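Below are structures written as C-alpha cells.
Each of the next two complexes has subunit A plus one more chain, namely subunit B in the first and subunit C in the second.
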Partner chain A sequence: MQIELSVKKKLFTATGEFSFKADLNIGSGEIVAFFGPSGVGKTTMLRIIAGLTDADEGFVKVGGQTWFDSKDGINLPARKRKVGFVFQDYALFPNMSVRENLRFAQPRVDKKHIDELLEIFGLSNLQHRKPAVLSGGQNQRVALARALARKPELLLLDEPLSALDLEMRSTLQDEILHIHRLWGITTILVSHDLPEVFKLCNRVITFKDGRVTDDRNPYEIFARNKTSGKLQFVAEVLKVEKEDVVNILTLLIGNSPVKIAVCSNHQESFLPGDKALIISKAFNPIIQKLNSKEKEEGGN
Partner chain B sequence: MNRLCGKISHLTTSGNMTLVDVDVKGAQMTAITIGIPEKVGYLQISKDIELLFNESEVSIGKLMQGQISFINQLTCTIDDLISGEIFTQVMLSFNGEHLTSLITTRSAESLNLKIGDNVTAFIKTNEVLLKEPEEPWNAD
Partner chain C sequence: MTLQTLASDYLAHPAIGLTLRVTLLALVLQLLTGLPLGLYLAGKKSPLKSILEIIAALPMIFPPMALGFFLLLFLGKNGVIGHLLLKIFDLKIIFTSWGVLAAVYIVGLPFMVKSVQAARRQMDHSLIEAAATLGKTRGETLLKVILPNIKNGIVAGLLLAFGRSVGEVGISLMLGGNIIGRTETLSLAIYNAVFEGEFMRAAIFSVILSAIAIIVLLVLNAVSKNRISGLSIKDI
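Our next item is the complex of A and B:
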C-alpha cells in the first residue's frame, strides 16, 4: 500500500526538545530504509504510522485511506491499522507458545496462514515451544512471523536484526527479502547497518535534527560520487594485515570473507569495522561459465 | 589507489563505449568506459574528472625503445623505492603529479631501478576508472 504522510511533532530527548517534521510518499511495494543517528525521530516516525504515537499536526494516509488527520480529528486506533511491527527486542508474549503468539496477532484466526508462516520461517518444529527456550535468531523469526500473521498492509521493522550475530542477521535478511518477493508488502526498515541497507533497500531516507536530509538510492547516498566502475560491492573490513609492502584486507562481502591486497601507501587507511565500497571496471572481471545450457537441455 | 585529476579533452564514442581522453597537467591519459555522453553526465569536454587506477596496474619501462600497445605512457622520475621481499613500491612523479607503481622486487632489481631514474609508466586504458569529483558530503 502507498503511504502518504505529512507530520509534525515535538520530541523530547536527552539533548533537549526539538521539532520533527516530515513529508513522505512511499510507493506500494517499496522497501525503504530510514537511516540516521539515534534520537532523530526514526522510531517516532514508525510509531506515528502504526498509531502508537500521535503526531501533533498533519496526516497519515495508507492506500488512500486516512489513518490520521489532525484537522478532521481522524485517528484510527492502532489495532485497526493493518501494520506489522517488529522491534529489536522481539516483544513476544513469554507465556504463549510460538503458535499462540502468531494466533494472538490475528484479528480472525487463519490457521492456514499460520502454518504457511511457520513453514517459511522454519518454525514448524518449534511451534509449541515458548520464547524463553528459543535462540535470539529464532525469537526474531517468531516476531517477524507474528508481524505477518495479521496480513499487514505495511511492515515496519525497527532495527530488527541489530542484536543478532552476523550470520543470523544475513539469514534473516534473506528471509525478509523472500517474504517481500512473495507478498510485496510495503516495508520500512530502520537500520544503522550499511551492508544491510544496501542488501534490502533500493531507497534510503536519511534523517538529521528532525528533518529528512536525503532521499535517494543507497549507491547515490553512500558512494558519495559517480564512478564508471560497473561492479560495486559494499563490504565491511574485518582484518588488516601488513604483508611485505602491501596490506591484506579481509573483507566481508555479503556472507563471504574475501581477501584483497591494497598498496600500503593507500591514501585512506582502513581499520576493522570500516565500511568500504569495492569497485571494479566492466573490463576487469574474469568470467567462467559454471553450467552448460546445452547439456542441461539434453542437447549435444 | 592512484588518483590523478584532469580535464576531459576528447571523446570517441562507438556503440555504447566511449574512449575518454583526459589532459593531466599537460600529459594525455586515456580511459575506456561502457557509457555514452548522452547518458553519463560527467562525459563532457573540459569537465573536471578524476582518474583512478591501482598501483599494481602501473608497469615501468626504462630506456624504452620500439613500440608498445599502451596508450597511457607517462614520463616520470623515481622519487623513492620501498622494497619488500616480493613487492616493491616505486614512487613516481611527473609535472608535479605523484603516482605509485607496485611491481615485483625481482623486476625492480632486474631493471636496476634507482631514485632519480627517468622511466616510463604504462597504464592499460581499460584499467583506468573515471570518477566525477566529490560532492560535499551531506548525508551523515
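Our next item is the complex of A and C:
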C-alpha cells in the first residue's frame, strides 16, 4: 500500500520541546528505514501512521484511503487501520500462549495462516508455550508473526531487533527479508543500526531535529565519498590495537569479525563502535554458491 | 460440653449464617462495583477522579466509629438516602441485616478499588496499544487483555476486602445495632461473649470466624491460577 503523509506535531522530550514536521511518500511494497539518533521523532512518526498518537495537523493517506486528516476531522481509530505493529518491548499478551497470541490478532480464525506463520518463524514447537518462558529472540519472532497474523497492509517495526544479540539479529533480519519477498507488504523499520538498515532497506529516511534531513538509498548514504571500489562492506569497529606503525582494527562484517591493519597515521582515527565502509579495489573474488534460491522459492 | 450442644449452640448459631451471607454478598458487590471503579480511577487524572479517589479511600483511613455515626445519619429514616430508600423500596437499613451489609461492604470496598487501580496502573500500556493495532475493540481488550492481566490484583483486592469485612465491628455495631439473633455478626458475638465474661464461648466463635476467613482465603487463592506467592495451597 502506498503511504502519503504530511504531519506536524509538537514533541516533548528530555531535551525540551520541539516541533516535528515531515512530508513523505512511500511507494507500495517498499521497505523503508526511519533512521537517526534517539528522540528525533522516528517512533512518533510510526505511531502517527498506526493511529496510536495523533498528529497536531496534517494528513495520513494509505492506499488512497484517508486515515487521518486534521482539516476534515478524520481520524480512523487504530483498530480500524490494517497495520502490523511490532513494539520495541514485544508487547505480547502474557496470559496467552504463542498460538493464542496469533489467533487473537485475527478477526476470523484462519488456522492455515497461523500454521504457516508458526512454520516460517520456527515457532511450531513452541506454539503452546507462554511468552514468559521464551527467549528474547523467540518473543520477537512471536511479535512479528502476530503482527502479520491479521494480514496487514503495512508492517511497522519499531526498533524490533535492538534488544537482541548480533547473531539473533542477523537471523531475524533474514526472516524479515523473507517475509517481505513472500508477501511484499509495505514495511517501515525504525532503526539506528547502520548495518541493519543497509541489509534490509532499499530506502533510508534520515531524521534529525524533527525534520527529514536525508532520503536516499543506503548505498548513496554510506558511500558518500565516491569510490571506484567494486566490493563494499559496512562494518562496525570492535577493537583498535596499536602495534608499532600500524593499528590493527577488529571489524565486524555481517557476523564475521575480520582483522585489518591500517597505518597509524591514517587521517581518520577509529574508535570501537564506529561504523566503517570497507572498499576493496584490487580484488579477485571467488564466488561460491551456498544455497539455491530458485529451489527455495519454487517450493512456495 | 457435648458435640450436640456444640453443634446446636455454636455451629448453628444465627451469627454464622448472617456473617457468611453478609460478607459473601458484600464480596460480590465489592467485585461488581470496585472493579469498574478501580479501572476508571487508574485512567488519566481528572478533577472528578481526584474527588472519587478520596471518597473511595475514605473508609480506609476514617475512624470507623465516626464513619459509622455519619452513615447512621445518612441512612437513618430521616437521613437523605435512608428516607429515599424507605419511600421508594420500603427498605429499612438501620438495625436490620441491610445495615450490617452496608457496613461490611463500605469498609472492604477501598481495598478492592485500590488493588485494582494499582494492578491496572502497573500493567504494561503497550499491551493495550498492541490490542488496538490488532483491531480489537475496547470491550474485547478489557475482557481478553486487561482483566486476565490484572487477575492477581483483583484476587488480592477481594482477599483484603474480605479480611476487612469479616472482622468489621464498629460500623456494623452502629448500623446493625448488635441485636442478638438478627444483626449480631460473629465478630460482634465474640465481643458480646467477652463482655459477658464467657471466654469459652468467645474462643469457640473466634475459632469458627478464623476458619471461615482461612477457607475463603484458600478458595480465592485457588481461583487465581497465578497464585500469590506464599499463599498457595501447594505451599502449605
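Observations on the model:
Keep this in mind: the second predicted complex is superposed on the first by the 276 of 300 C-alpha atoms of A that agree within 3 Å, B and C clash if a C-alpha of one lies under 4 Å from a C-alpha of the other, contacts with A are read in each partner's own complex, and residues count from 1 in each chain.
Heads up, the rule we're going with is that a residue touches a chain if its C-beta (ideal position, glycine included) is under 8 Å from a C-beta of that chain, and two chains touch if they have at least 3 such contacts.
Predicted, not measured: the structure shown is a model, and the values here were computed from it.
In the overlay built on the shared chain, the residue A:I287 is in contact with neither subunit B nor subunit C. Applying the stated contact rule after C-alpha superposition, one finds that A:L52 touches subunit C and leaves subunit B untouched. Once chain A of one complex is fitted onto chain A of the other, the partner contacts of A:T213 are limited to subunit B, with no touch recorded for subunit C. Residue contacts after overlaying the shared chain place A:I279 against subunit B, while subunit C stays out of touching range. Contact with subunit C, but none with subunit B, is seen for A:R146 once the two complexes are overlaid on the shared chain. After overlaying the two complexes on the shared chain, residue contacts for A:A14 are found with neither subunit B nor subunit C. When the two structures are aligned on the shared chain, A:I221 is found in touch with subunit B, with no touch to subunit C. In the superposition on chain A, no subunit A position is in contact with subunit B in one complex as well as with subunit C in the other. Against subunit C, in their complex, subunit A makes its touches with residues 50-52, 77-85, 87, 89, 91-95, 104-105, 107, 146-147, 149-150. Looking at the complex, you find that subunit B touches subunit A at residues 1, 3, 31-35, 40-42, 52, 54-56, 82-89, 91, 100, 102, 126-127, 129-135, 137-140. Touching subunit B in their complex are the following residues of subunit A: 37, 206, 208, 213-214, 221-222, 224-230, 244-246, 261-267, 279, 281-284. Residue ranges on subunit C touching subunit A, taken from their complex, read 124, 126-127, 129-137, 144-145, 148-149, 151.
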